[in-house]
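Okay, so subunit A shows up in both of these, paired with subunit B first and subunit C after.
Showing the complex of A and B:
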């Protein structure tokens, strides 16, 4: 695969442009996409850059098709991906479910927009429930929530590796602010950082001669008996449980002696970080916890932070009406720490919002 | 002494006898397809994809690599495989509900884009697997579970004519035909042409096959053939609508 970035370099780019560069650097071979704001520029950059690196693109008739063509291309052994948002994310739950069921290494970038329905084209964190547990399945997915442009680059690369290594559909979830905002970062070739890219391989159209040196691949996606499906789902569940420790990522600051732990994810965690620093400067012992993987969720790490700090309260701050809050409650079931919410669906959260809230509840 | 019936080499024998109802046309279509795969010697590079509905029972019908999708979504999966690996021969297999109703946007747009896939759509005028509801292809007046008094064209329109609308949408390099299980030689020839058209890299290839569903039609053998040959063919004329291969392989 041709080098894309060359020597690592500083860049000043929008999040959508970074997704494209990262996907190219990760060796993505084909993108299937359908226009929806705020992810459009991922396609725009991809369609300009891809031909220069021998990569391909297809604009499909809708998001359902974009998701299913990705399902087909990865079965053919190609690193394929898509990107979407909001109502497109809703439509893609069908192919995402198939990727879950058939363990297809599908990669999707989600740039959250306001909801429900068409909502806004701007920003939100309202696709947490959908992206983590959407579809008629068990949420056997890997979901990274990025907070900075550097992370967008890092986690898109990592996302392709997670998808092909573990064979669970993998999501890199940003939002409209991250998509459209420009920010400095360093872009690099993965191998320069010692990152070995997992090579794709075909599930159908495998080399060899059927009946001579290989059997036909029969990929099943609907079962006649309850017990057959049960065995498949239980096997996936066991695989998923086993790899959780390898996948879990989180960020924690100032939790050792915290009286209150502020939990947030994605771009809101930057406001939380600033807020915790400001509160500390004012003598309020605030701590910061941020799940980077929303699925699987770093529940033990959060429980440990609660235990070691002896914090009396937790504040969940998010640009949604309690989607992260509900996720946390189910993940740390049994903890008795009171959890408050700062819910601002579809609007941005700044440090001031969090500082004011903390002072009001501490 | 056990005498095995003559079956295509491309059939996957552990999955036989197949699970289609007695009198169903799927077995005939899949036999023709199997013989064509043998004759074209494409087993190693063929990927067969099936829809949901009765067609799903074909998921391990052949010795070739096969994949199962969602209701209506076989077309985009096969498009993804073909775009990913143009050297493979991709065959999408679906019913009239999957192709003309829930997956119609995929069928239509893949035809417009001249995707180099071969799609075989089995038209039995109803949703068989789910218990015999009205399909886009249900004939005027035909009784189904959701049209118990007969299909009222004022309320639900006329049967979808797939090959006709696909002909109007496609370029000259597309192959479009309608076959019937009551004419096996022609059926096999059309399927072979649809695969040859893909192998030669021409473009989109589509065969609708008129088929039978005695279980849901509630017909005996004679009535089944009568409905297929006399009633269905009145609405769905059989023949090649587009054949860029010229006269094809007789």
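Showing the complex of A and C:
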């Protein structure tokens, strides 16, 4: 495939623009999408750039269709993706669930906005529950939550590889701030960094004859027997649990001797990082823990941080009313550390907010 | 350079996002860490448009902030809308081409500075370079980028217009210069210190 970036270079772009460049660099062949703020510019840039690199675009009639066309394209062996936000993410849960059930390497970029329903067009972290466990399935998904423009580029590329390697639907979750803000980063060809892109392959219509020299692909989304569904889901669950250690990513700072661990994800972790540094400078032993993968969740790593620090408290800071908090509680069930929340649904969190909260509860 | 936070606010169409983007580009070109984020609500339907710009030599945290080092408010509504971003360390700049009720101003500010940008643009230059005067003022107040880097970024952004009409380039550079001088003068004069 044609080189997109060439020599690695510095860039100063919006998050949406970066998604497009990363998808091109990752070898994405086609985007299916339906407009919604704040991800619109992903489509805009893609439609402008894709023809230059022989890639394609289809605007579908709605988000349900955008999700299902990705499901179809990847079965045909095309590296396809979509991007959405808010109510579009709600509508896409049906195709996302199908991708889970059929183990389809679907890639979706989610730029969270405020909810419920159409909410605001701006920003939130209110799509955590939806993106990790939405749909009528078991949450067998891979969800990366990015915090910087460099990470948007890195994880979109990585997301395509995770999807095609493990065949679980994969999400790169940002938000309206990350979508719209400009920040410097370095863009590069994956190969230049030693990243080998997994080549797409057809899941159906393979050569040979079923029953003679190959097994059926048997990509099933409807089952006539309850037991059949049970077997498939149990198999998927076992596959998912087996690969968890390979997929999990997290960031941890200053947790060795922390009295309080501040947990956050995505763009809020930038403020948490600054807050922990400022608290340390004031003699308060604060630690920083950030899950990069929200699914699967780095639960053992968080348990280890609690254990080694002997922290007396945990603070969960998020631009939602407890979505990360609930996720953490279920993931570290059994831990007795008191967990407090700094919940600011739909608005940004700055270091000052976290510093003030920590001082109030420690 | 340690972190500098600027909030620019105005009516939709006054061009605050455009100049924030140009300044961000200029800072980036000088190898600074820079974050620019527009307040992307429904300005096109008549809201106040706010641009958040941060420049530093170190990694920048959250994309928005509670308190700014410099607030530039270009309409009466914008003054009210951004007063909350000011505290005792903030330089608060407004356009004094029109009267503003005292109650609109922030309760706390290091300095409140009035700059006759609209009047200067309309009478001495051209109404269309109003926002460039403001950009010059922002640079004069913060020194986030050099004057030359600001000129370069302007050319980069508006080059296609300059090509069509060479007088435009001179007009924009002049506006930038006047804005910068007005800001520097008002800083020295130390006008209107509100505690």
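Here is the rule we go by: the second predicted complex is superposed on the first by the 350 of 362 C-alpha atoms of A that agree within 3 Å, B and C clash if a C-alpha of one lies under 4 Å from a C-alpha of the other, contacts with A are read in each partner's own complex, and residues count from 1 in each chain.
The rule we apply is simple: a contact is a pair of C-beta atoms (placed from the backbone, for glycine too) under 8 Å apart; a residue touches a chain by one contact, two chains touch by 3 or more.
These figures come from a predicted structure and were not determined experimentally.
> Specify the outcome, clash or fit, for subunit B and subunit C once both structures are aligned onto subunit A.
fit
> One more residue to check, A:233. First (subunit B), second (subunit C), both or neither?
Neither partner.
> Looking at the overlay, does A:348 come into contact with subunit B only (first), subunit C only (second), both, or neither?
In the superposed model, A:348 contacts subunit C only, not subunit B.
> If you stack the two complexes on chain A, which partner ends up touching A:90: first (subunit B), second (subunit C), both, or neither?
Neither partner.
> First (subunit B), second (subunit C), both or neither: which does A:248 touch?
A:248: touches no partner chain.
> Kindly classify A:121 by the partners it touches after superposition: subunit B alone (first), subunit C alone (second), both, or neither?
Second partner only, subunit C.
> Quick one: classify A:177 as touching subunit B (first), subunit C (second), both or neither.
A:177 contacts subunit C only, not subunit B.
> Please state, to the nearest 10 degrees, the angle that the Cα centres of subunit B and subunit C subtend at the Cα centre of subunit A after superposition.
Rounded to the nearest ten degrees, it is 120.
> What's your read, subunit B or subunit C touching more residues of subunit A?
B
> A:76 contacts which: subunit B (first), subunit C (second), both, neither?
first
> Quick one: classify A:337 as touching subunit B (first), subunit C (second), both or neither.
In the superposed model, A:337 contacts neither subunit B nor subunit C.
> Superposed on chain A, how close does subunit B come to subunit C by Cα atoms? Whole Å, please.
Superposed on chain A, the two chains' closest C-alpha atoms are separated by 29 Å.
> Which positions of subunit A sit in both the subunit B and the subunit C interface?
Touching subunit B in the first complex and subunit C in the second, no residue of subunit A appears in both lists.
> Give every residue of subunit B touching subunit A within the complex, in rising order.
12, 43-45, 47, 49, 52, 56, 59-60, 62-70, 73, 76-85, 87-88, 105-106, 108-109
> So in the complex, the part of subunit A that touches subunit B is made up of which residues?
29-30, 32, 56, 58, 60-62, 64-65, 68-78, 80, 94-95, 98, 102, 202-206, 208-211, 216-222
> Mind pulling up the subunit A residues that touch subunit C in the complex?
So the residues of subunit A touching subunit C come out as 12, 37-38, 120-122, 176-178, 180-184, 267-268, 270-271, 273-274, 348-353.
> Give the list of subunit C residues in touch with subunit A in this complex.
Contacts found on subunit C: 21, 24-25, 28, 33-42, 60-66.
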